[in-house]
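To keep things simple, chains are lettered A, B, C, D and E as they appear, and every chain counts its residues starting from 1.
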Amino acid sequence: MGDWGGYLSLILQGALVTAKLTVMGCALALVVAFIAGLGRVSRFAAIRWLATAYIEFFRGTSIFVQLFWVYFVLPFAGVTLEPIQAGIMALGLNVGAYAAEVVRGAILSVPRDQYEACIAVNLTRFQRMRHVIFPQALPLMLPTFGNNAIELLKGTAVVSLISLHDMTFQAQVVRAQTGSTLIPFATILVLYFLMALALSRAIRMIETRITRGLDGVR
Amino acid sequence: MIRIDNLVKSFGTFKVLDGLSFDVMPGEKLALIGPSGSGKTTILRILMTLESISDGHIEICGDQLYHMQRNGREVPADEAHLHKMRSHIGMVFQHFNLFPHKSVLENITLAPILTKGTPRAKAEARAMELLEMVGLADKADARPAQLSGGQKQRVAIARALALQPRIMLFDEVTSALDPELVEEVLLVMKRLAAETDMTMLLVTHEMGFAHEFADRVLFFDKGRIVEQGPPEQIFSNPREERTQSFLRKIIAAGHRV
Amino acid sequence: MIRIDNLVKSFGTFKVLDGLSFDVMPGEKLALIGPSGSGKTTILRILMTLESISDGHIEICGDQLYHMQRNGREVPADEAHLHKMRSHIGMVFQHFNLFPHKSVLENITLAPILTKGTPRAKAEARAMELLEMVGLADKADARPAQLSGGQKQRVAIARALALQPRIMLFDEVTSALDPELVEEVLLVMKRLAAETDMTMLLVTHEMGFAHEFADRVLFFDKGRIVEQGPPEQIFSNPREERTQSFLRKIIAAGHRV
Amino acid sequence: DTLEDLKGQGFARIAIANEPPYTAVAADGTVSGAAPDVAREVFKRLGVGDVVASISEYGAMIPGLQAKRFDAITAGLFMKPERCAAVAYSEPVLCDAEAFLLPAGNPKGFKSFADIAADPEAKIGAPGGGTEEKLALDAGVPRERVIVVPDGQSGLKMLQDGRIDVYSLPVLSISDLMKKAEDPNLEMFAPVEGAPVYCDGAAFRKQDTALRDAFDVELAKMKESGEFAKIVEPYGFSAAAAMSTSRAKLCGE
Amino acid sequence: MEWDWAFVWQIMPTLLAGLKLTLLVTLLAAVVAAVLGLALAILRRSGNRAVARGTAALSEFIRGTPLLVQLYFIFYVLPDIGIRLPALLAGVIGMGLHYATYTAEVYRAGIENVPRGQWEAARATNLTMRQTWVHVIVPQAVPPMIPVLANYLIAMFKETPLLSAITVLELMNQAKSVANTYYRYIEPMTLVGVFFLAMSLVSVVFLRVLEARFGRMAK
């Protein structure tokens, strides 16, 4: 059972898939989080209701069930996604639902005073959001977004369910080939942790950039 | 300039303002005083359209504030009407409510640029004039967090003035300030009162300042006007028992009238 | 009673108190005044052992506060020593800091029961006396959240008194209160000053009250005593330029001295 | 028609399980194993140049086929009447008997699924939704003593760790596991008494019978020419066994 | 594939058995997480630098890596060093440990959210450290934590399907097994989804109640 080099490269291929799923999943999650999070604070009841339904559904059912549906049931409705697309979609929509609540929370935690100041200087609703509320809410969201991103990274491990060759899946392949459990799984544990570290570093960097010059604000 | 007619405001079952009526002449400086919870802030917030009203009418510069005509019938005002009416009014808050993520200059120019389409260069020139007036020209690029309370409040006044409102509302603009910083803000306001013909409504616990500043003082209690008149009369010779006891307590607490 | 000797306190590289020395006689009522940031609060917090000191000595009721003897050598005080020393001192805070999850009565009895082992019945009887004194006997079972600011502060005073300290520290106890509520708290303090021989240190911006209350006034600036003396002298006839300008600003802001 | 589509795109998508010697993935990621090798050859003859394999859990194979995730399953999925109702099988490809993986010396003397049912302490490991799980349940082993094991390596490990008393898979799968484990404390018992010999076939969607029939034609030709034997026998399978039975028999049609 | 109600009723008992096990695992793991999290929170506040740092690093590692892989480790690798846990126990410990790193954060935040003034008032009334914790800090820190902790309970419930990797026959695993036996997937998987959704909608209501009861108390 030599050939560890080959097995390592198999795991690294998996790491690439995991990284891709994480990055694309985060991108999708970010987009839907803003749409749904803003939808939650919309003044139109229908939009609020839609956003709430989306959020409660995706937070309510398990990622496993969602993955199964996207991959095995959507094709019956005529939508056949590539496994990687299905993975990105399930992860993105799932984590997006959690992040949407973060967006909403951050927007609501901008003090009422600021809304009132906007009315007093006669800004329109859109101007209020665009120039005053949102810029202040963003720094509040970032730390939690960082946690969400790591949750998503960890979530990629379950996509082996839909035969995506991510890192966990490849570790299982290696295990089946070599009969060793310790080595492949220890390897990927370390790799996952390095990726998580990279993610939190990246978020912290963005955070310091955005909050630069805002020190002492809160 | 302002005509308030039978105004009622309830929070749930609690009537804060109960059939209030009074007029304000153009250019008049009005001080609203009274015990905590008497509804002074509520009146200003209603004029700034930060609260809705429960009943009654308010007329500003000849137009209804909370009502408008549609097909010859009076209907509640929509957002567009409120937006138009708000352009007559500016407000300065107790806690300044500056935008913390914008510089002092941006705080002042934001609204003129966005709501009136003033070109940036012109808005900035005007903002510098206002900063000059409140004595903060050198702070144009500072962030609010870098200012003292008194400086923040002066910027807030400049921000409200930048929209050139015809009516200015001041709600306890010095009560969040350290005593040493109160003076600088009051000085700016005195100059403003002397130099412009803006209509001004001032809520304050600084009786001394109310005395100097106002043409007329309204004493409120429980959402009603108990007594009104020129400051000399209210402060030196109040008729109502409630007014007398209020002023006595304030004096005992160490404030000069 | 209190002897402060060459006290230094730094936060990082910033020296808040810089070689401060003064004594307080038993039963003396001392007012500490001065501009914001001059270190008044810091002194009280150090006396209450809420901050550590950087250098110097403090003696209270004849014992070192931050130092103790061990094997004939002076060493930094341990928690047991601090615990013993703290029993001489009570403090009332600007923001009351009542325990929100306990009733008014429990707020007052908690410490006597826990730290002195006073039997519950006795502690409650004494607490009721204190509530009587501050005029709140009917609020014994209320929660702090149900009280007005002035009432909260009176409860806080009763809580501090329940431990029968020989020194009481008051840090701007009225500055978080609505003006109308200030009076009730000051009344309680005046009675206290008149009726007990406790040593009292008071930080305040209410110059009028400082005048009436204090035997001696200390004017601070930048962590040093600029001027001290009886209130008549400090308020009517300050010697130092810094004191004069401070008082001028306070007066201009509408406060009576 | 599906065959034309496959020819057009140049490859067919197959589901495999990574359970040597039926299906295997090498260190470099290439797919081998008896089932995919046969499928690759047949598809080539049908004019479909290549096969693209997805590794899948057994449980996810049939839903994946129905959801058009794959065009065929070539994973050692044995023919049984219920399965024949769900998918369209080709003629038999790989045949194998059931085996037990046991501690050396078979201390409890298990020879059949009924023996396991009779021992109130014994726990048997089997793949979830696989033939062995069903055989065990049918023999009367209660649910809580049938441990659903996710994959062969996990089953082996659980047996070594004493978590299960016996692990059941087809003969060739067990012998492959033993070869890799090189563990003298283990032994294989085969064939399991009373358990039928099963054969798999390539499985297609129900509506793709035309593709299945075309597959059968080429498969039959390979069986006759001996090329079939050349592919499967190096893996340890018996070509004769596959040729001696038929789909009709195995599906109980 | 048609929806088949008769089939739904046929498989319902099996799925309910899975649901029961899922709930059991969730609750046991929650207890482990609550207790272990407290231990982690205390260790992180430890005066000993090395202990505090080590705990922080370990927590971060556990939080940064997938539970699935951790479960594999506990179940398949630990026996090599002589620790052989039954599947259920391994699952409870794995999940409990993973979520303990989250609850530790909740405890920390809860304690830090008690205003400084409360510590100082306790000091000014000369309470000892122990008395301060028991009578002042804990009673104020705990109520706001409760909704947050309940949230993690729900999250754990939804992660139980991972336990199928270590042979625990929970809801998802039962559903897969049923599906593989009858070659019908839509019904069991949809039912699992419905179960999860129903449970989480119930718990949302329950959470709102908790929030209304405890969330506001801290002021």
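FYI, a contact is a pair of C-beta atoms (placed from the backbone, for glycine too) under 8 Å apart; a residue touches a chain by one contact, two chains touch by 3 or more.
Fair warning: this is a prediction, and the values are worked out from it, not measured in the lab.
**Q** Could you tell me which chains make contact with chain B and chain C both?
**A** Under the touch definition, chain B and chain C have no mutual neighbours whatsoever.
**Q** For chain A and chain C, let me know how many angstrom lie between their CA-based centres, rounded off.
**A** Averaging C-alpha atoms per chain gives centres 52 Å apart.
**Q** Using CA atom averages as chain centres, what separation in Å is found between chain A and chain D?
**A** The separation of the two C-alpha centroids amounts to 38 Å.
**Q** So how far apart, in whole Å, are chain C and chain E when each is placed at the average of its C-alpha atoms?
**A** Those two chain centres are 47 Å apart.
**Q** Roughly how many whole angstrom separate the Cα centroids of chain B and chain D?
**A** Spacing between the chain centres: roughly 82 Å.
**Q** Where does chain A touch two or more other chains at once, residue-wise?
**A** Correct list: 72-73, 76, 181.
**Q** Give the residues of chain C touching no fewer than two other chains, as numbers and ranges.
**A** none
**Q** Provide the list of chain E residues touching at least two other chains, using ranges where the numbers run on.
**A** 1, 76, 185
**Q** Tell me, which pairs of chains are in touch?
**A** A-B, A-D, A-E, B-C, C-E, D-E
**Q** For the complex, which residues does chain E have touching chain C?
**A** Checking each residue of chain E against chain C gives 115, 117-118, 120-121, 123-129, 131, 135-136, 139-140, 217, 219.
**Q** Name, in rising order, each residue of chain D that touches chain A in their complex.
**A** 15, 18-20, 24-29, 54-57, 60, 63-64, 67-69, 151-153, 156-157, 180-181
**Q** Taking the complex as given, what residues does chain A use to touch chain E?
**A** 56-57, 59-66, 68-69, 72-73, 76, 150, 153-158, 168, 171, 181-182, 185-186, 188-189, 192-193, 195-197, 200
**Q** With touch defined as at the start, can you tell me which chain C residues reach chain B in the complex?
**A** Chain C reaches chain B through residues 35-36, 178-183, 186, 205-209, 246, 249-256.
**Q** Show which residues of chain A lie in contact with chain D when the two form their complex.
**A** 1, 3, 6-7, 9-10, 13, 71-73, 75-76, 80, 83, 161-163, 165, 169, 172-179, 181
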